[in-house]
Amino acid sequence: MSLPLTLHPDRLFPADEASRAVARALYAEVKDLPIVSPHGHTDPRWYAENEPFPDPATLFIVPDHYVFRMLYSQGVALEDLGVPRRDGGPTEQDSRKIWRIFAANQHLFRGTPSAMWLAHAFHEVFGVRERLDADNADRIYDQIDAQLKLPEFRPRALFERFNIEVIATTESPLDELKWHKQIKTSGWQGRVLTAYRPDPVVDPEFPGFAENLVELGRITGEDTTSWRGYLAALETRRAYFREHGGCTSTDHGHPTATTADLSPKVASDLFDKVRSGSFTAHEAELFRGQMLTEMARMSIEDGLVMQIHPGSFRNHNPGLLAKFGRDKGADIPTATNYVHALKPLLDRFGNETRLSIILFTLDETSYSRELAPLAGHYPSLKIGPAWWFYDSPEGMRRYRELVTETAGFYNTVGFNDDTRAFLSIPARHDVARRIDCGYLGRLVAEHRLDLDEAQAVARDLAHGLAKKAYKL
Amino acid sequence: MSLPLTLHPDRLFPADEASRAVARALYAEVKDLPIVSPHGHTDPRWYAENEPFPDPATLFIVPDHYVFRMLYSQGVALEDLGVPRRDGGPTEQDSRKIWRIFAANQHLFRGTPSAMWLAHAFHEVFGVRERLDADNADRIYDQIDAQLKLPEFRPRALFERFNIEVIATTESPLDELKWHKQIKTSGWQGRVLTAYRPDPVVDPEFPGFAENLVELGRITGEDTTSWRGYLAALETRRAYFREHGGCTSTDHGHPTATTADLSPKVASDLFDKVRSGSFTAHEAELFRGQMLTEMARMSIEDGLVMQIHPGSFRNHNPGLLAKFGRDKGADIPTATNYVHALKPLLDRFGNETRLSIILFTLDETSYSRELAPLAGHYPSLKIGPAWWFYDSPEGMRRYRELVTETAGFYNTVGFNDDTRAFLSIPARHDVARRIDCGYLGRLVAEHRLDLDEAQAVARDLAHGLAKKAYKL
Amino acid sequence: MSLPLTLHPDRLFPADEASRAVARALYAEVKDLPIVSPHGHTDPRWYAENEPFPDPATLFIVPDHYVFRMLYSQGVALEDLGVPRRDGGPTEQDSRKIWRIFAANQHLFRGTPSAMWLAHAFHEVFGVRERLDADNADRIYDQIDAQLKLPEFRPRALFERFNIEVIATTESPLDELKWHKQIKTSGWQGRVLTAYRPDPVVDPEFPGFAENLVELGRITGEDTTSWRGYLAALETRRAYFREHGGCTSTDHGHPTATTADLSPKVASDLFDKVRSGSFTAHEAELFRGQMLTEMARMSIEDGLVMQIHPGSFRNHNPGLLAKFGRDKGADIPTATNYVHALKPLLDRFGNETRLSIILFTLDETSYSRELAPLAGHYPSLKIGPAWWFYDSPEGMRRYRELVTETAGFYNTVGFNDDTRAFLSIPARHDVARRIDCGYLGRLVAEHRLDLDEAQAVARDLAHGLAKKAYKL
């Protein structure tokens, strides 16, 4: 007999009654605010075509690196989870079999955010009332699978049901924004924006960089073999993204937070070098750093908010990369320095009130030591929410405890779900709201904040700050 | 209508009732202990001349980098806050207007220690009973301003009212200690000591270093163009500070914790180099490191307690530095290594029981990894309290949680307020006492410490350890 | 009059009643599970000879670096604590006098795990009911001393009384495992295994490395002057340890986590170099790194679980080392990088499901940033429990909070006591069980885990995971 799946109304609130009572009251006021998702990786095609999502395994397991990396870490082969091989070699095609492996290994997810997100989606979206296990795997598979075929489970219907006020996707400057245009002309009222992620054309170590520059020249009509033409092409695409994709932000996923502020001559020479394909790792790093500063300059001109997401050692596992490709759970955080790394950019533009840079980190030691002091001083800097591995109850608590005393709440920007997993979006925002209300509840219970202040902050964290910071 | 300003008697105690009840009982026994302020930056002139403090804005906003940096981070110009420009250019002169900006932006300080310190001063010192906001800004301004003119709000009266047993200021070796002498001869009983801060004459990168050496020679009669004469001059001034300023400690604010133990010949050559003004950044660093070891030697001889405050990247914002000068909220912490950095000094003097070095950090990762293991072994090392950005409720809690298990309580030294903001001193000590009692309360509630032990520790943390560690 | 010594039944559980109630219930189910001690440093001779332990000071103070380092840090000379000098010079020989110093300084241990471990041993093993202090020092000394002479306080009797299911000691590959053999042939049923710690023969900077290689050749009959012979000798000893010591694991205590994967030719040349005694620090580091990869290869072949314990700056205090030798409380943690350091080994063997590497750290910043993401991906990696300075209530709490959300519980391996202090073993396991139950209690109280899940995890953390991870 399976066990009941429940979502307790007090979940994630502090265990002590004094804090919890305040948290509960605060949460009641913010839980139904619309979702603002200013940064993420859902596929705009879903909203454009509005086709049904596939079966449960293909929806919840095969594309979710949080899920399959945990199973892989315990010895389950990615082939058995249906993760496609780059060489097209055999992998499990039977979604039900994949689902059963997942069901039989639920204990691995105990205490992880994945467990909470999945429970939330199963319970709230699909009405599942049993905890998934080896015995009920098929029954729950069928229950979800059947609903996925219904019109009210198509992307647009879920978008509305999730009460999403606006969502941003992320595209390369080379993207023509076909799906965004299709959404716009479709008559559907859902607000789906793009964000400008130039890594493929500003990172010399990005696969296909040289070809990408050629393509960038082709679609903009600029001479991308020259530094000036290259910059003009990037600006042209920013304008295009603003016009055709409602873009309000850029995003930069560099391995470090390095910035540079080279003279035009030196920058131009460096560009020639990286364009030629013959450059050192240091030169690649320097070029990426220079491009952050160039992007800051463009942001001052066109108003796009900059996001910097540094510090991931991508594709740490070369064997896995060769077999299965990128984004397979093998991206590992590294210690990240901001104080020295950002200085060239800040020396140039740090005091610009027209510039807004949102800094993220995968190195929690930087919250109180670097990010909060920087954002608590420079008018151009804000701190993004707890990111990736730290988009989790404990991660968010540490974030508030480490950031708030130095940077306050108003140098932060609300929540990002940053996800490819559409079904997890309501769960993730709900976790963030609960944790923030819990943190505020403790401040009130400890008489460090008055209740009316906590109420105002709770609304800002759940809704207002994201809209303001991302100009939505 | 404005909202009431209250200071809840249980503020800052843990939210759970078991810990809170113990915290409350412990706090009752320490709250009225006199304040020992063994390290800080108040101006001795205040106590010497005993002139009234100026208006509310000039007292609370213009000189407080915690306050104006937060406003600056949200786009308020420092000129509008009356922060003086180095070129004498125009800045706001109307204190009331400055106050109004501050009042209208109180939400920025929610959850920060500044909010607590200000509320405490407003409530306890000036009897303010409304929460400051845009509407009551003028009324509260007037209320504070009127009191500042009264005799009982002059520095000495407040010193006594604050129950300050002893306070240390911080002076350069070039200071003649005029104000300290004036205090001593004035007949007033307040105990105000100096601390010896030699950065201007031991840091080759300090502005005016060469001139400072000349001046050091002049006032000591030593030949500060020679290494031996230079050391003798520093010793002479230490003796002067002990004799004329009641000095019991030195203070060293280097960018890192680097120490060195060079041979006299090499040290002498290095001195010649840095004195000439032609040296590398590495040589400057090495010289500062050597001087820490020289100061340790002198401390063994004359008994002055050493404080090392490393790890701040001072003046990170060159535009701001050029316009407004030092100490404008642009000092950013950096990752700081102690284990390797202190080794030369410790290899020489680490086992000296006559030596007492108090280590501070702006890198919280070093608490449990480096500082507690070092202080829990070397007889010459103690750990200073949570410093600067971490002189805050969460910062102090993390400090105790990270330090105590390895170093115990008795390798720590009580609280430092380390402040220029005289009016915040009672608030800061009160916060520290409350947080320490809260931490002890939790240990008792978790049956990790008996109540009588917690009572003894609470008294030591609030009063006894500071007196002992600083030889006061 | 002395104060009562009590062990509260709720000690170490969270202070809030909701979490505590669950913790209490969980703990009731695991408190009597047998102790699995898969890694530690007790002396196998104790179990082989079963001689009485000596007097209280020689048992609790003289060999325990946690205890004497704290006293040393407060100015007590190690000579006065009876710590033997390398030169055979005079040290205190009167155990009672040593005990009195310890008794008079109990306040130094407030809030430390040593205080809890000692209280547990005094109370549970010796029935002491007074808190040790200067007044009752002699009385408690006598009480313990008298019992130590009784048969039921000999090692084997205590082993059984402590309910130890299995314990591992740690030996050099040069050890003949005499005591393990003696235990095995004695007829006693206690299960005592060895672990293979090759530092003396794989670390070129280990004292006596060259002689150790000669000895390794002698006992294996292999030509340890050649790279191939050397590797064969190490393999021969692994087989010997498995056969004669029940060995299931190896242990590697390198200063960093550096690994290397050199070609056989380069490795062989490097071996010749380090064997010659003429090598750089970098070459020593590289050789140690290569040996970790060689050991991983051997582990895949023979199934021994690898433990890596990196990051201690051993013997930081050269004066103390010269006078008293190693392991005297002067080993200081350092920042440790895993992401880059482990890559050569992981590139080669990271995806091997037959390989199990347990990673430890003295740098808590790596828990959430590096270790949990690595272990949550690579099938060959697991995370060892909170180690050394962090084998403490707060240390274990931070560990669970920082590790679980990314790695789950099942990429961790239960508890290690890792101790030389036999009498502290029950206390240490009890602390770990209480803290884990407290953490789980909070997850249940916050509705992040169902009670039945917490019950299963509590059992696994207390018993099952250690057995499985160490193949016991």
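Per-chain residue numbering starts at 1, and chain names A, B and C are given in the order in which the chains are listed.
Everything that follows uses one rule, which is that contacts are C-beta pairs under 8 Å (C-beta built on N, C-alpha and C of every residue); 3 or more make two chains touch, one makes a residue touch a chain.
These numbers come from a predicted model, not from an experiment.
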item	value
Size of the rotation, in steps of 5 degrees, that lays the CA trace of chain A over chain C	120
Classification of the chain B:chain C interface as same or different, half of numbers criterion	different
Between chain C and chain B, distance of the C-alpha-averaged centres to the nearest whole Å	40
For chain B, residues that touch 2 or more chains besides their own	14, 16-17, 335, 365
Chain A-touching residues of chain C, taken from the complex the two chains share	14, 16-19, 335, 337, 339-340, 343, 346-347, 350-351, 353, 365, 368-370, 372-379, 381, 401-402, 404-411, 442-443, 445-450, 452-453, 456-457
Chain C to chain B touching residues, read off their complex	3, 8, 10-17, 69-70, 72-75, 107-113, 116, 131, 313, 316-320, 329-335, 362-365, 389-390, 392-395
